[in-house]
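Scrolling down, you'll hit the structures one after another.
There are two complexes below, and they share chain A, which is joined by chain B in the first and by chain C in the second.
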Partner chain A sequence: MVDAARHPKVDIRTYTEVERVDGYVGNFKVLLREKSRYVRADRCNGCGECARVCPIEVPNYFDMNLAPRKAAYVPMSQAVPLVYNIDLDACIHCYKCVEACGKLEAIDFSMKDKLVWEDVGAIIVATGFSHFDPSVMPEYGYGRYPNVITAIEMERLNNTAGPTAGNVIRPSDGTNPRRLAIINCVGSRDKHFNPWCSNFCCMYGIKNAVLLKQTYPDMDITIYYMDIRTPSKGYEEFYDRAREMGIRFIQGRPSMITEDPETRNLFVHSEDVTLGRVIEREYDMVMLNQAAVPQPDVDTTSSVLNVTQSPGGWFMEYHPKLRPIDSPNDGVFLAGACQGVKDIPASVAQGSAAASRAGRILHSDQWEIEPIVAVVWEDRCVSAQGKKCGICAKACPYGAIEYEQGKAAHVVTAKCHGCGGCVAECPHNAITQMHFTDAQILAQLHALLAERPEEKILAFRCHWCSYGGADLAGVSHFEYSSNERGLRVMCSARMDADFIYEAFRLGAGAVLYSGCHPQDCNYITGQRLGAARAERLMKAFEKMEMTPGRFRVEWISAAEGDKYARVINEMQAVLNSIPKEKLMEEIERLRPEMEKRARRLREVPQVEEALEYSRQLEIAMVGEEA
Partner chain B sequence: MNHQPETFADQVRAIPGGEHLELCYSCGTCVSKCMIQQKVEPEYNPRRLLHKVMIDLDQEAFADKTTWLCSACDLCYPACPQQIHISKVIGAIKQLAVEAGLTTYLQTAVVNELTCVACGLCVEVCPYEAITLVETSVMFRGKAVTVARVDPNRCMACGLCAASCRSASIGLVDKFSNEAVVAELWDWIRSPVVEVTA
Partner chain C sequence: MAGDNGHEELRIGVYVCHCGSNIAGVIDPKAVAEYAMTLPGVVRATDTLYACADSGQNLIKQEIKEYKLNRVVVAACSVRMHELTFRAAVSEAGLNPFLMEMANIREQCTWAHGHDPEGALEKAKDLTASAVAKAAFLTPLQMMKVPVTKRAMVVGGGVAGISAALDLGAQGIETILVEKQPTIGGTMAQLNKTFPTMDCSI
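Let's look at the complex of A and B:
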């Protein structure tokens, strides 16, 4: 960090919070709150006189509250910039520090937080992770038994710059422990708390054991584990080395720890799974390798940056395999454990990758996007006529639509990813998606249902998941009904209710409404928009007394080819079970209702007109004849 | 799609409560939490039983004491990191064992039908719902007499019925019969007092 601070092109703002992010890729405007330290950074030389005279002592957060610090302090010795800070919550306003500072006059109690707007081209989120608090697991007694400590506390104890100058002692009596137990998976791989594996604890526990064994060769160290996970380069060799050093490994998750109230020694109860027997062993000290959890303020960060979260509270990447560094919001990148638990080598790799991804934006004058963006037909938008609407702005998962009553809705093209949610939601057909215009989809729909529509199964597939699923079903030779006709759109959010009504008006035998699973959606919340619409459709068809199974909603991922084939076959079975005359009668009965509901579709511009419009728009945007 | 024959693990999973069987990753928390393992039977091991089921060792699972000894105290349930309701899984295995014609090796409660007045107190107190009132013919009493009946496969021999019965008509036999318990109590009271030093 000190090195980075010296770099002429790196500007580090510590003790600063991001309050708001406006704009889009390449043109972000960021509002920063520079918190007041009550010490002027331009005058403080880091001499530490203020801390020496300060009479107030509070627990030091950096030392895991194992040691005190003053109310005038630096958070750690490598702090950047090395400027003292006054903790106003603890300060008693004796002003001794002001006297001690003397002629430098660096201490200024009248300082206020400063709000600054900055223009930035790209944002890298590297907010890291936090630690699980094991005191919520009463069986391990953390917080009750003084000699049960966490891994981070051990880290401070075993650090030469730490509160004990590297002397590992028992908190109860200050002696060096002779027998140490390390318990893995505290709060992780546990459905009551965090179901995930915290990735680095196995190696971290072994590292601490090896370090302690080097300093205290007589120490008897036992690691309790469920599975030892050493998958990366050189890790297994390190595990071997630990065993060669005489560190004991016991497979079994301890069920409880009890304490001898006199000696403050601890008894760890567990099953030795390899023996198949319950064992109880006595230790002087127990170290808990607690789970890694997301930062407590992850919700604020994700709403400020418009970055979604995966289950558990880690930031969501654009694609788990192919784009693990990009967030769904263009120009915002993820690095390190904030995206998911990872160890140091992986974090460094991701950090470097994020920097080069961001550099790509900073070094280019133009930014290429997919040409499938949404455009507003301004003369049709009711907002332009002064009416209250804003449905499109609410539907957009990216916040790309600027809505103001009295003006036509405006799509920020650079932010639009082309899910088509706004297009389908707009009740006045005032928005269209380039290359997926209503007219184009309608033309496909008419072609697919041109002949004997009552035998056909029309499948709306989303580009990223169910289309891939159908593709996989074909590649893997899963047989499904040849009456299926697929229609691809980018997202289930684009599957306009009008299309479904139109398909049934034309006499389609069955319609499948398919898309991604909610957590897999390529367009953040696009699937949820589609799912809500599908639910409304389902209710409407129930009311119309349509045979159940003719309209079906399924979420199929690109890996579920078997599911796609199964769903289509089941729908075919439903169609087969309805007698032909009955089906024809039902289609005829519902046709007027469908016609009524799909009426707006006939108002949309026809293919030629829509193509001409998008050509003009292209010219307007690129600024030249294509 | 799946044409494989139904395995023993499938059968257990099909019974309500047994469906979380596969989630077990053998951490051993349940074993070291278990009071039966600590106080009654050192061979008792729910983790091993679950594993036996997973690899379809049905006869070994039926012969395992764990199948019959679980008292469903559910001490392990809140401790299990995979949130498996272990007593329900064991219940499912036990149900299959009973269907296969096996019975518990425990000394279960026995009803003295000659003195039972069918007050229903034991039915109320039984934590395992093992006791029901049935109409049957009892020698010396008549053809249709209502008496309590114990389902031996549900009874865990806890003795709550014996303690609550007002006519001493229901209870355990041998080592835990009323007489044996009282005799042991007398032995304990008459035994010489030992000075307890700190």
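Let's look at the complex of A and C:
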């Protein structure tokens, strides 16, 4: 910590939050809100006179609210940087602190939050984790029984810098406990709460037992566990040492804790797997090794920093084996527990790895990005012919399109992120997207629907989320109907209405229109563009009296493999429920309307060639009759 | 430019991966390759045990030259897994990396349809045909070069963030370490002694 404060190249901004991130790899613009502490960092010397005179006490979050702090405070005496804060919510404006601070004049009640833009080339996300609140498990009595505490509370109690200066006492009467139970997996490995193993609680449970045994050799300590997980280097040996020291291990997940209201002692009811029977033991104190969970504000962080989430709310890496440090967003990297629970050695290693990954970019003069940008066909743009339009410019989430009536719209390539929204929105088919042209997508569509299209479920997926969801369905071996045929574009914003009409014109049994959830969108508001279009399509198909369920709109994250499989299976069930003749009849009935609506697609450059190629492909795939 | 009536004759090569038994355990990759051979523009199609391994990549590189391929389709795993691998491979053989297209016949086919090998085979053929169709219309693209601001930001000042910031600093990169609480340190700062070394945490 102190090293970071001392490092000339590291500029620490505490009490600061990221409000917004614009730009792209190598060229991010980040808006920071430096919250006002009402103490000027350039003047405060950390003497703490203000805190000494402050008459107000409130619980200190840093001590897990076990001890008070003043309204003028630092969370801990070794805070880095050592600058005091005034908690205005608690402050009664007596101004004793101002007086105490005296000539330093560090306290300034007129301070305001400061908004600053910073230019950076790479971002490392290391926002960590939070602690599961065991009070939602009434059987353990946390919050009701004073002598049931959490592990993180124990860390503060058994800490010379903590609220009791390291004296471990029972909250009910201030005595030292003689019999302590430590319960593992509280809220972890539990389908009702968090399915994951929280990784470090076995080890910190043993650690606390060992430390307590060293300070209080007579303390009788029992650890209740389901499995002991000590796979890293030296960890199993540490576990052995704990057993040699006389710490008792009981295999069994306690079902209930009860309390003697007189003594405030606790009875832990549990199975003992080794003995094969139910046991009940009395303790003076119980410590719950609560699960590690994502930060409560993880959704905000993920949408501001543009990082997607894995199941459970941990940030998702680009690829678990091949690119475990990169986020899917180029130039943004992940480190520490925010990516998945890990202990200090692993967090430090991942921090170093992230610095090295970021260094690849930051030591380059230039960085390469994918050229999948939008390009305007100037001769097709009606604005060039003097007409009023500019629809594309309004659609672009990045303001990458310059529009001026009388001139062809112009895409500023460096600003374009390649969502394809403008391409799908342009009513005159005057824009194309590199690597995802109408001709390419159409050729794919025709190939996927060449044979028995009425049996097929054509699934449009966005690269970042629903394609990832489909991948996860496979990785998890969630089986779904093999009639699904996937087509990938970068964002649901690219899913042109024309493609959907063309799919139904070709006789697709069902069409899925899927992308990310709005808060996960990799292109700020791309999904909203896609969603609005999907809604219009849905209304149009309702009007045409298409059987409900043949066109479906679903937002599926890369973590929702189960959902992807379920949606496809439900669509298959819809198809199964329509008698074949009725389905064929409906397809024929709607074909002229679909044809009419998809007609404009044929004006797009290269589309005729794609259709000609598709005819040959169809002949190869199903023979002449196609 | 592309398309078989375009200026350039299409010469598509298709490589169908076994992925050990991950794909080949459910469908016959040879059958997919034979099928691909019948598609317009395809001049070469074959199966390979591991397309992503050196042997697989070398096969592709060598055949690009041997068959004068101008498009490559790899029917294997997810683009999220190996698109960059195969782009690099074709580019080493002198082909523009954007003239490579993948068909995902593992995550989105054999792994999801293990119960239905017939359906999986039919789907694998369609996905491969779809990739071939897209490949027919691919155009060479150049990566765009953007300038780099040589500063970094680390969001979160726990051990992971501190470690990242110190390493970046040591690399000579100016780094802003953003922490929402009044002090850096995260959970570690709250801990007593820490395993495995049992030294004090701060």
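Operating definition for what follows: the second predicted complex is superposed on the first by the 367 of 626 C-alpha atoms of A that agree within 3 Å, B and C clash if a C-alpha of one lies under 4 Å from a C-alpha of the other, contacts with A are read in each partner's own complex, and residues count from 1 in each chain.
Note that in this section a contact is a pair of C-beta atoms (placed from the backbone, for glycine too) under 8 Å apart; a residue touches a chain by one contact, two chains touch by 3 or more.
A quick note: this is a predicted structure, and the numbers were derived from the prediction, not measured.
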Could you let me know whether more residues of chain A are touched by chain B or by chain C?
C
Between chain B and chain C, whom does A:450 touch in the aligned arrangement: first, second, both, or neither?
second
When the two structures are overlaid on chain A, which partner does A:74 contact: first (chain B), second (chain C), both, or neither?
second
Quick one: is A:234 in contact with chain B, with chain C, with both, or with neither? Answer first, second, both or neither.
second
Once the structures are superposed on A, label A:252 by its partner contacts, choosing first (chain B), second (chain C), both or neither.
first
Is A:300 touching the first partner chain B, the second partner chain C, both, or neither of them?
neither
Footprint overlap on chain A, where chain B in one structure and chain C in the other make contact
none
Under the touch definition given earlier, write down the residues of chain B that touch chain A in their complex.
1, 25-33, 37-38, 42, 45, 47-48, 78-79, 81-83
Touching chain A in the complex, chain C uses residues 2-6, 38-41, 78-81, 98, 104, 106-116, 119-120, 122-123, 126-127, 129-134, 136-139, 141-196, 198, 202
Where on chain A does chain B make contact in their complex?
139, 185, 189-192, 226-227, 251-256, 269-273, 276-278, 562, 566
